[in-house]
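Below is one structure; the comments refer to it alone.
Should a chain be cited, it is by its letter among A, B and C, assigned in written order, with residues numbered from 1 in that chain.
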Amino acid sequence: MSETRYTRDHEWIRIEDGVATIGITDYAQTQLGDIVFVELPTPDTSIEAGAEAAVVESVKAASEVYAPIGGEVIEVNEDLQESPASVNEDAEGAGWFIKLRMSDPADLDDLMDAAAYAEYVAGLD
Amino acid sequence: MRYLPHTPVDRDAMLRSIGVASIDELFAGVPKSARLPGLLDAPGHADEMAVEAVLSALAKRNMPTGEVPSFLGAGAYHHHIPAAVDHLIQRSEFLTAYTPYQPEISQGTLQMLFEFQTQVALITGMDVANASMYDGASACAEAVLMAGRITRRNKSVLSGGLHPHYAAAIRTHVRFTAHDVVQAVPDPKGIEDLAAQIDDATACVVVQSPAFFGGLHDLRGLAAACHAKGALLVAAVTEVVSLGAVLSPGDMGADIVVAEGQSLGNPLSFGGPYLGLFATRDHFVRQMPGRLCGETVDADGRRGYVLTLSTREQHIRRERATSNICTNAGLCALAFSIHLALLGEEGFKRLAHLNHARAVELAGRLAAVVGVEVLNETFFNEFTVRLPGDAASVIDDLAARGILAGVPVSRLWPGEADLADLAIVAATELTSDADITALAGGLERVLA
Amino acid sequence: MTAGGNPSTHSGHRGLDMDEPLLFEIGAPGRCGVDLPAAGPGGDCLGAMSRENLVGLPGLSEPQVVRHYVRLSQKNYSIDAGLYPLGSCTMKHNPRLNEKVARLPGFADLHPLQPAASVQGALALIEALSEWLAILTGFPAVAMSPAAGAQGELCGLMTIRAALEARGDARARVLVPDSAHGTNPATAALCGYPVEAVPSNERGRIDLAALKAQLGSDVAAVMLTNPNTCGLFEDEILEIAAEVHGTGAFFYCDGANFNAIVGKVRPADLGIDAMHLNLHKTFSTPHGGGGPGSGPVVMTAELAPFAPPPSIVRDGDTLSLVETGGSEGAVGRLRAFHGQMGMFIRAYAFILSHGVDGLCQVAEDAVLNANYLRTALLDDLSVSYAGLCMHEVLFDDRFLRDTGISTLDYAKAMIDEGFHPATVYFPLVVQGALLTEPTESESKESLDRLIGAMRFLAQRAKAGDTSRFAEAPRLAPRRRLDETHAARHPVLRWRPPTRTEAAE
């Protein structure tokens, strides 16, 4: 069974069998505009919770994406190289960024579930 | 004052509409102690005739290369600029246009930059080039920083055949970073072995082609040695005309090529403004500093050009930018591009071979002067001579006799006693037989 | 018919709007625009290094080259053709006298490495220009070599770090206002200093209390622009300088906005330690489609020994160039040779033409013009900060609220009105910034035309005339260009068509 959690920085994280898939939310992609490039980490490196995991570029801006949890990068979405547009088209599906093997499942406890995130976004301007 | 349109009537009307009584009120926000009480103690305005007279007088106190036999190179070269170049760059729409941030009304500049980037990639034998940097030396420093970013390593090896100003610019740019530079000893004979100095901590090796002392060296072995250790080869070209006759660094396996573009379209101008060229391989493009112009389409589907990949640059990435560069060498790039457009494939090669032929002629005549030794076996349009005694004094002597004989190596490598008898001598398509005779004869007299 | 409603033509040209292909699409083998003598017989000293392959350059005759570039030029806006209300850029008139004197062979044909005795006039010009810059700014020393403003900032900040290291205390961070130009933090990063932003207050100036709180004994420098990027004089600057110096830090000023105060205020009197000047802004050297610039740095006597070479030294009537560094630990050279001599000549001619009285008037008229604009547009646009401005006025996008029209759309509509847009989305301290700097070169009539157009556009935006803006520009050589496509699929050069493409 997979569950999806969300951060205040508009990242989503879906856990399945100890592997976490991470990306940015649909709200985030509308804020950023057309995505032109995503800079992803190298597989087999480890990332600490809260450290920079990726950089998302639109034409006029570059935004850091921070790892909501720590772990080892086992796979990155190579398709984004050719089609960065999938982040705009399907941010929470085909537009995923990274798969991590989690180092500490307790990291998830502070994250919002889907309902809490929806409420959080509704409260933003 | 001829550049200021407002009359007192204009100013009064404008002050009234703003609702203040005087210009002084507009400066009321400046702390009183900082406001100058009156005009500074310096001359007042001057008409065109007066300004021209001052500038002409200053110009007359110089000995320009066009008026005397001149053999100066070492990073800047005296070439003929076709009349059309200067005429075209003075068109208002090129000369007085701003940076093309609003592409719809800047297609002239943008298409020119796209063509320029293509020309630079072609002559250097590389995949992609940027829209220019300040000069060859600062471009070279940026190349080292880029190699550091790509390899995530902190050490660069600089050839003893690299122009000392380029080496100094690199050292300055890395001074307050974690990047270290290893400088090989000056290499007038072209015998250094840089491959031996490459290890797993090396980000790049920086060489010059043709080398500072004039020699032509095959870089393919060095490129392979770099790549075997995961390092990059950076090649600097100070005389772009050489690329019409000499193997390009790109064809020899360089990863980044930087160059000084002054030789095409741009006068010597006492050292500036010059033109930095920067070219690399496709897979390194996102690490490249400087502006980039790219092709796209407009809302009507018509082909057009825009500045692109801007997220590398300071105005977006700020402290994480690939460089702090903002202004480039726009008009100098245009001049270069026009000159190269006029030359084309045949002209560029012909010009290069003509330069080489004049240098061969010059070398032959100088080698025949008693006491003068030409060190190079290979060269393009400049080479190193050894003189009997201090080269700088010989050159000063000849300058006093109206001959600009070359650059004493001690000018660029002060304090190196074993280089003090060397000079760099250059020829171009402008070097006449009479010039060569004058230099040979002058040397004979001075050395007698 | 095309989308713009104009008749389509067979040639692709539209009257004087010429469709001009790339050089590579026009060229043909056998064509050359330069006649050169043959190389002649004789030896070859290229060794095995001869280039035999095709470079791939197109061949064109001179008439084709001239036509190509004339047609390209016709697609460009330029200050000679119209006003640029570009905040932060100081797009003023580029006097043609300056072009004439820069081209004197006695300047243009000087090699940088000629013996000093043969270039005394050139050295005298550089000396005279640096003396003028010193007088205007109040500093005793000038480093002339930086090639542009960004390189000037690098020179200034590196000089500061070198001075701190000589004291044995390099320190660790640099403070910049949140309204700073992007070159400021990029430069600090190159000097090994992480940057901390200091917030602006509701008056658009740097927040002095926040600055005091953020200062510490590990701050190397504070970098300010004055007047700042909102077009406002930092009126607490004397207190700021005192606070900065009190902690042993240095005070760097970005001199991009010097046009507002030249001849009226000397930056040295404000407590600044080093400042770069942009000769291509305040001193009228032409922008040339993006460069070249020139960024000399004025500085205190304390910093001078740490500045990079070269410098000019006078001994009686003789000038010489000192090309090796100043004191132990001085910053090394940042570029080859001596500096942007071509721009020095132009700036010097500009300064001589204006004199102190003319330069003072430059600042006064620049500030007058910006305030005239501000007053005239106050009711139709939203001025970000109350009160008088200096040489530029900052608007934001509140006046466009609920219209569905963005600052970008408004800017593109300015193009159809015949004006280059104002600077947009900078500084970042307000939403949808429109930073507008007319400069002293604009007549009252010229300003009135700009005001009329900006007012008209604001009124049309509020009236719901959305298509005017969404489809702008309609009248420029190109419509809005797809920058997303350019960034997603970068095509950064022409390539010869492949055989399959050629066959189509």
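Throughout what follows, a residue touches a chain if its C-beta (ideal position, glycine included) is under 8 Å from a C-beta of that chain, and two chains touch if they have at least 3 such contacts.
Predicted model only: the values in this text are computed from it and were never measured.
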item	value
Most central chain, Cα average position	C
Most distant chain from chain B, judged by the mean position of its C-alpha atoms	A
Where chain B and chain C are represented by their mean Cα positions, the distance between them in whole Å	20
Rounded Å distance, chain A centre to chain C centre (Cα mean)	38
Centre distance in Å when chain A and chain B are each reduced to the mean of their C-alpha atoms	44
Overlap residues in chain C, where contacts from two or more other chains coincide	483, 487
Where chain A touches two or more other chains, by residue	36-37, 57, 59-60
Multi-chain contact sites of chain B, meaning residues that touch two or more partners	310-311, 316-317, 320
Chain B partner contacts - residues on chain A that touch it in the complex	36-37, 57-62
Chain A-facing residues of chain B, complex	286, 310-311, 316-317, 320
Touching residues (chain side chain C, partner chain A) in the complex	425, 483-484, 487-488
